[in-house]
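The structure under discussion is supplied below as structure tokens; questions concerning it will follow.
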Amino acid sequence: MMVHVEEQSLVVVDKGQIVDKATQMSKEGFRLVQISCLAKDSYEVTYSFDKNYACAHVRVVLPKDNPELPSITGAYFAAFTYENELQDLFGIKVSGLALDFKGKFYKLSVKTPFAPQPQQPAQ
Amino acid sequence: MNILLFLLLFPAAMSLVFAILPANTFRNALVRISCLLIAAGSVYAAFVFNGQGYQSFKVEFPHIDMIFFGGEMLLSLFLLYKCIGIKKHEWYIPALIIVQAGIMAYCEMSGAVPEVDNALYIDNLSIIMALIIGIIGSVICYYAISYMRDYHHHNPQMKDRQRSFFFILFFFLSAMFGVVFSNNLVWLYLFWEITTLSSFILIGYPKTEEATRNAYRALGLNLLGGLGFAGGILYLVKFCPEHTVDLARVIASGPGLMLIPVVLISFAGVAKSAQMPFSSWLLGAMVAPTPVSALLHSSTMVKAGIFIIIKFAPVLSGTWAGYFLALIGAVTFLMTSIIAVTQSNAKRVLAYSTIANLGLIVACAGIGTYETLWAAVLLTIFHAVSKGLLFLGVGSIEHKIGSRDIEDMDGLIVNRPGLAVVMLIGILGMFLAPFGMLISKWMCLEAFVSSSIFGLPTGVLIAMILAFGSAPTLFFWAKWMGKIVSVPAGLAKGEGRVPGDEWTALVVLAVATVATAALFPVISWVSVEPYIVSLYHQTVSLSQGNTIIMSILLALMILLPLSFLAYPKKTKLVPRYLGGANVGDKGEFLGAMGVVQQATMRNYYLAGFFSEKKLTIASVLVTICLIVTMFAVVKL
Amino acid sequence: MATRTIVPFGPQHPVLPEPIHLDLVLEDEKVISAIPSIGFIHRGLEKLVEKKDFLEMTYVAERICGICSFIHGQSYCQAIEGVMKIDVPERALYLRTIWGEMSRIHSHLLWLGLFADGFGFESLFMHSWRVREKLLDLIEETTGGRVIFGTAKVGGVRRDMESLTLKRVEDELKIIEKMSHELTDVFKKDSSVKRRTVGKGVLSKEDAITLGAVGPTVRGSGIASDMRKLGYAAYGKISWEPVIETGCDCYARCMVRCRELYQSFDMIYQAMAKIPDGPVDVKVTGNPNGEYFARVEQPRGEVIYYVKGNNTKNLERFRVRTPTFANVPPLVKMLGGCELADVPVIVLTIDPCISCTER
Amino acid sequence: MKTALCVVAWVVIAPFLGGLLAGVDRIITARMQSRVGPPLLQPFYDVLKLFGKQGVAVNVFQNYYMVCFLVFVIVTGALFFSGGDILLTIFALAVAGVFFALGAFSPNSPYSNIGAERELLQMMSYEPILIIAAIGMFMVTKSWHVHDIAGFQKPLFVFLPGVFLAFLFVLTIKLRKSPFDLSTSHHGHQELVKGATTEFAGPSLAVIEIAHWYENVLLMGFVYLFFAFNWVVAIPAVLVAYFIEIFIDNTYARLTWHFTLKSSWIVAGVCGVVNIFLIAFLVK
Amino acid sequence: MSQMSIGKVVSRSFLSRPATRLYPFEKRPFYKATRGAVAIDIEKCILCGICQKRCPTAAITVTKATKDWQINRLRCISCGACVDACPKKCLWLENMYSPAVVQKGADDKFHQLDKPGLETTKA
Amino acid sequence: MSFFKKSPWVIHYDGSSCNGCDIEVLACLTPLYDIERFGIINTGNPKHADVFLITGTINEQNLEVVRNIYNQMPDPKVVAAIGICATSGGIFRECYNVKGGVDTAIPVDIYIPGCAVRPEAIIDGVVAALGVLEKKAAALKTMKASA
């Protein structure tokens, strides 16, 4: 009988620091694993990085109103998919995106469905 | 003989008139009438002399030879004058002029130029050439009336020098008649140089930097050829035991005595007919207004080059020099056909295809058996008609759609059906069975395979080159046709009609293209075969079976488009397939990032596969080697 | 010179079993730019947690993707087990390994077929799928479904495999392994296949890291990144090493999958030899509280399951980052400058699973 | 009279032969893929069905080119089987091919357009060999006429092994088989959807299919010429050649147009030209 | 580089019998484990409604008042959640799939009669 | 006699299914099931197809795509909704971006249930669809005759 739970670290950083943090991770040879978000009373955006099977999570907490985030596509170009997703599904404004789909990443029937209050008027 | 003199002098006379008259309705009417008269004159000449074989005439005029000599010297002086203001690296142009003038003066001064009894002549080849010059040349001049008006309308910054334009145009025709009717090689030489001069001025017509450079390049390369001509005359006058400048006698003397001067003069022909390595002047000539291109490509200039080679074919026949001349043509055909694939500028495609076809003719004439000569003459006819049509068509299209790029011609079948049909006829004429070019190509193949030198099957190599060279032609013509017949969504009928003069010219040539295809057994029987018989005492003629088949094919080609009118059009129209991403029915689709995009379709130019630059360099090198070899083996 | 052709590639396209769209700008047939457009399959299933409880979500997770259905279910279960600290019985872990690897073999064989189809090798496609059908029979016999296994369960697995069946499965697998060799040899050696794959869609080692490639895509670029090394399920107890190829091109990625095929066979044999007796599941009580990122290696690469519970039946957040999603940026990179004919080959070389990607 | 009979026979029998050939092809292909495959008469069912379908098109012109294509293929075959000039046959076949390409250009739709371009590229690839084959036949038999070539008493392929090889090579292109099924293929799964035939539906698709049947029979006629000295040898030889093509179809991936053009010119240049030169020096 | 590497497989296939299962002329027996349509022994059913609650696709409707157990065949995903949940073990998965239909019809209805032992009706 | 029954050509489009049904549709083409026995070819091109096999649900983004494909198919044509998602929306019915089964976008002629659907079920379903196709062909003929 065993339980397999992987050791994972989590640090919370300020919104302003995330780009530096990402650049630093990139320099250290980490790979961007994913960016995810949880929207409840605030927005918790979690960046995950991996190096040699060790996973490091970095979290940024954004306020509920007018959430904005700087893009880390400068450090990790691959982040554009995740950040476009943040824009489309959560309504977080990501500034400085290298490849900005401008809300057309997905075609949705509900605007920003994962935001605390999904905006209904689609079409 | 009067009709010959008329053809020689009337255009020249009219050219002087046009040099004075400004562009107005009276001038236009006069141009039209002159065109008609020249065409009528050439037809009359054909009517009178056809079937009479070789006829020569004595020109009774005091000091006529001195007049010609004076003309040559004047011409040289004029050219030298024109060389004021050339660039440093173009020093060779005046040098060539001086050398040529020196050679001619030396011949004349030393009093060694023999008399020619009958300075003018006409035979079946001359008749064919005269018809090409007379009919197609004048159709082009006719077309030029409204074209030049529109041309200056489209290019207001350019100075209107139509007077000198029409002056040169008619003078050019005159010189061309001179080339095909002169039996005296010295006379021929003057006419030859006049065509060089005329083309030089016409190419430089737009007076832009590019046009001027290209004009000088044309001049330089043609003078290089002219040097060969002058050298040929020098040899005839000074070294040849036969000691004659009588064209007919030169040909009759055969390769034993005459091969050296003939090869020298053929070299001039190679330059004039823009074979590799000289092809660049003809490409540069594209900067000139379209009637000039049409004239240079279809009825004058380049045709002078191949005329002289065809004329000498009996001498070249069965010699190694002739064989290498043929190889130059064959290599040019293969290479320029491939290069034409990479071009999207319609006029450049036409130019490359011209060079390629001339290459074929040179190859035929170089081999010089009766079958290949037959093919060469027919090729000349078919090429002149179709090419004239195509150039004029492109000119009209350019004025209507504002571009000469093939890519911009999509939907022509819908928005300008008339022009599209004309172009399609022209293109069909260039490469598809049962039109002329293909028939001739087919005859060449047959002829090459059976030709040999000293029992060696040398013609096979040329046949192989031909087999490979035909394939790219198929590709670039067909894709051009594809562009014309494709129907983009949401295309409206174009506005504004093609001017009447242009349209008349186009229709005449289109009808001529179909007619030459339809009547080609007649053409062959009436005028080509007698010429071949007169030289070789035997000739080819198409088997009856094949003629019938060709007729059936042609009938199909004509009937099928016509039957389209009767074809049921009750199909349901749906949008084109765009992977299900269609938006509306105008060929638009919902692309990435939610942008509605227009699907565009472009032809292939295989730029990554064939490189124009590399191929040109390679073929220039190869052909230079071939030319050197041609001269080297002349003694063999 | 306006020689550019703009072609919509997809969403409906015969070489794409699933819809994805590319705007291809072509010059002759050279791809100047390829911009992807996704979202044709976006259903929004992450939002379903609000309507379904965390146990029901297993069925949803299994239906995120029909090809690696079982591993999706397994990953989801591992995520919940991670949050709830559930001890999973050893036998269940071994069964997960066996089914997981069977699922990988089936996925790779399927991919080999589609890949062959992508470069127009129809008979190779047919033969790959013929072999795959043999495996599907085994899967159906042991799990009850051909593509949706339906055996994942939080706290274990839903079904046991009897030892008699295990033996039979092993025998059958040996036959399938033999049949696969004939096919992988073609991919490995055939001149026409090599002509279509070698040097195509190059993704350098550096790009693979910075663009976040995963799975065979990253391993084809010479990086040993295989989440099974984390040692979940029974992977910690059997001996194996990640397969890597250094060619960085379509051929290398194809070879990674060919070799992984045999690695998977070997893993199954090892697991079957070591599988202990015992129960296959434990009863789950209580509700998840807390968060966890589960990382599992799917046939297409690393999948991330993020779950966060707040001690109710319904999870607060459920997020899946699937391997294809991570491989989209590398794909964009690989497509630049290729030939039109190579587009399907390159697109297939990341083994796109669009339904995973867009959820 | 005999010529007329030949023509009528060609027009009437060729589609049946072609359809049967296609049916056999599909069954053999299926067997090679370990499948059962469709019934023998499946191609006929397909065509008859297509005639029953609604004909949709993008514009009113496009279907017409395909009718022209069919007409020219029939005329070409008639030329060939009535013993006409072989070069003329090749040129007429090119005319038919150009009509096919024009039809594909007409709808101005991306896949069909690319298909048309590729069709032309294919024509550019195989054209030299066809001409070289004709030249070779002429050099051996001293006649351009199919009638005489077929009546040649010695086995032609012995004289022209290189040419025959090169011809088999391009036969793959003409039969639209892998590795050269670039412009449109029998299998739907390719990057061009259906390439040149993408925008054709219903009756006009049936017309294309029938034209292909005619074309295939004509090509088999070409193969026949190489063995024409004895029909007992020739007919099996033709069938074997066809079988080889099917086998190649099933053992190769589709290659690119670059390779197609390059390889077919090289094969034509090496096998074909060398063969021709040998003939030129040896056969007098 | 080898040419025609698949030649052997292809020739063998050509010469031997195809792998094709001649469905529908030859039907293979499904495995015991095969998950197909949901079946019910309605007489054992106590109409508790747990299956309805557990069904992830809401395919099952249990009406206590009329003693009906209904299933929408076009919704059932054969997951077996109901089978696992059933306290009386009166549900099971048959190994045969439900047939294709031309019309979206009514649900399959199983009516429990008052007197046990009599036949069930199927709509 | 109509030949629709003998040569139904299909086109397959994946709405937003999980892939399971798609690969089963593909599996039908492969040696074990080989639907080419019935003359079925997967054309991949709506203009050649008679039967539209569609798997998965209809969502916001593919609604137009499905309609486009359907409209480009020449008559007579039938639509087969394959799998539970295509017939009713299945487990994804409640997702925000899902509109429902295929019949929310285009008329469906045959519903083939299964999750994932089995190749045998697809064969049964297509055979049933052919009956519908035949009827539609006959109707088209009479319409043409009367017109």
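Order of writing sets the chain letters: A, B, C, D, E and F. Residues in each chain are counted from 1.
Criterion: a contact is a pair of C-beta atoms (placed from the backbone, for glycine too) under 8 Å apart; a residue touches a chain by one contact, two chains touch by 3 or more.
Just so it is clear, the model here is predicted, and its values are computed rather than measured.
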By C-alpha centroid distance to the whole-protein centroid, which chain wins?
D
Farthest chain from chain F by C-alpha centroid distance is chain B
Quick one: which pair of chains has the most contacts?
B-D
Measuring centre to centre with C-alpha atoms, which chain is farthest from chain D?
A
Distance between chain A and chain B based on Cα centroids, please, to the nearest Å.
69
How many angstrom lie between the centres of chain A and chain C, each centre taken as the mean Cα position?
24
In whole angstrom, how far does the Cα centroid of chain E sit from the Cα centroid of chain F?
21
Interchain centroid distance [CA atoms averaged], chain C/chain D, Å
43
For chain F, residues that touch 2 or more chains besides their own
13, 30-32, 34, 37, 42-47, 59-61, 65, 69, 72, 74, 90-91, 96-97, 115, 118
Could you say which residues in chain E touch two or more other chains, in rising order?
3-6, 10, 13, 18-20, 22, 56, 77-79
Multi-partner residues in chain C (2 or more other chains touched) are 5-8, 11-15, 19, 29, 39, 42, 44, 47, 59-60, 63, 121, 123-127, 130, 133, 145, 190, 193, 358
Every chain pair meeting the touch definition is listed as A-B, A-C, A-F, B-C, B-D, B-F, C-D, C-E, C-F, D-E, D-F, E-F
Name, in rising order, each residue of chain C that touches chain B in their complex.
1-13, 19, 21-23, 26-30, 35-37
With touch defined as at the start, can you tell me which chain F residues reach chain C in the complex?
11-24, 26-27, 30-32, 42-46, 56-57, 59-62, 65, 69, 90-92, 94-98, 115-116, 118
Sites on chain D touched by chain C in the complex
29, 32-35, 110-111, 113-114, 178-179, 181, 185, 187-191, 193, 250-259
Of chain B, residues touching chain A in the complex
592-595
In their complex, what parts of chain E are in touch with chain D?
3-7, 10-11, 13-14, 16, 18-20, 22
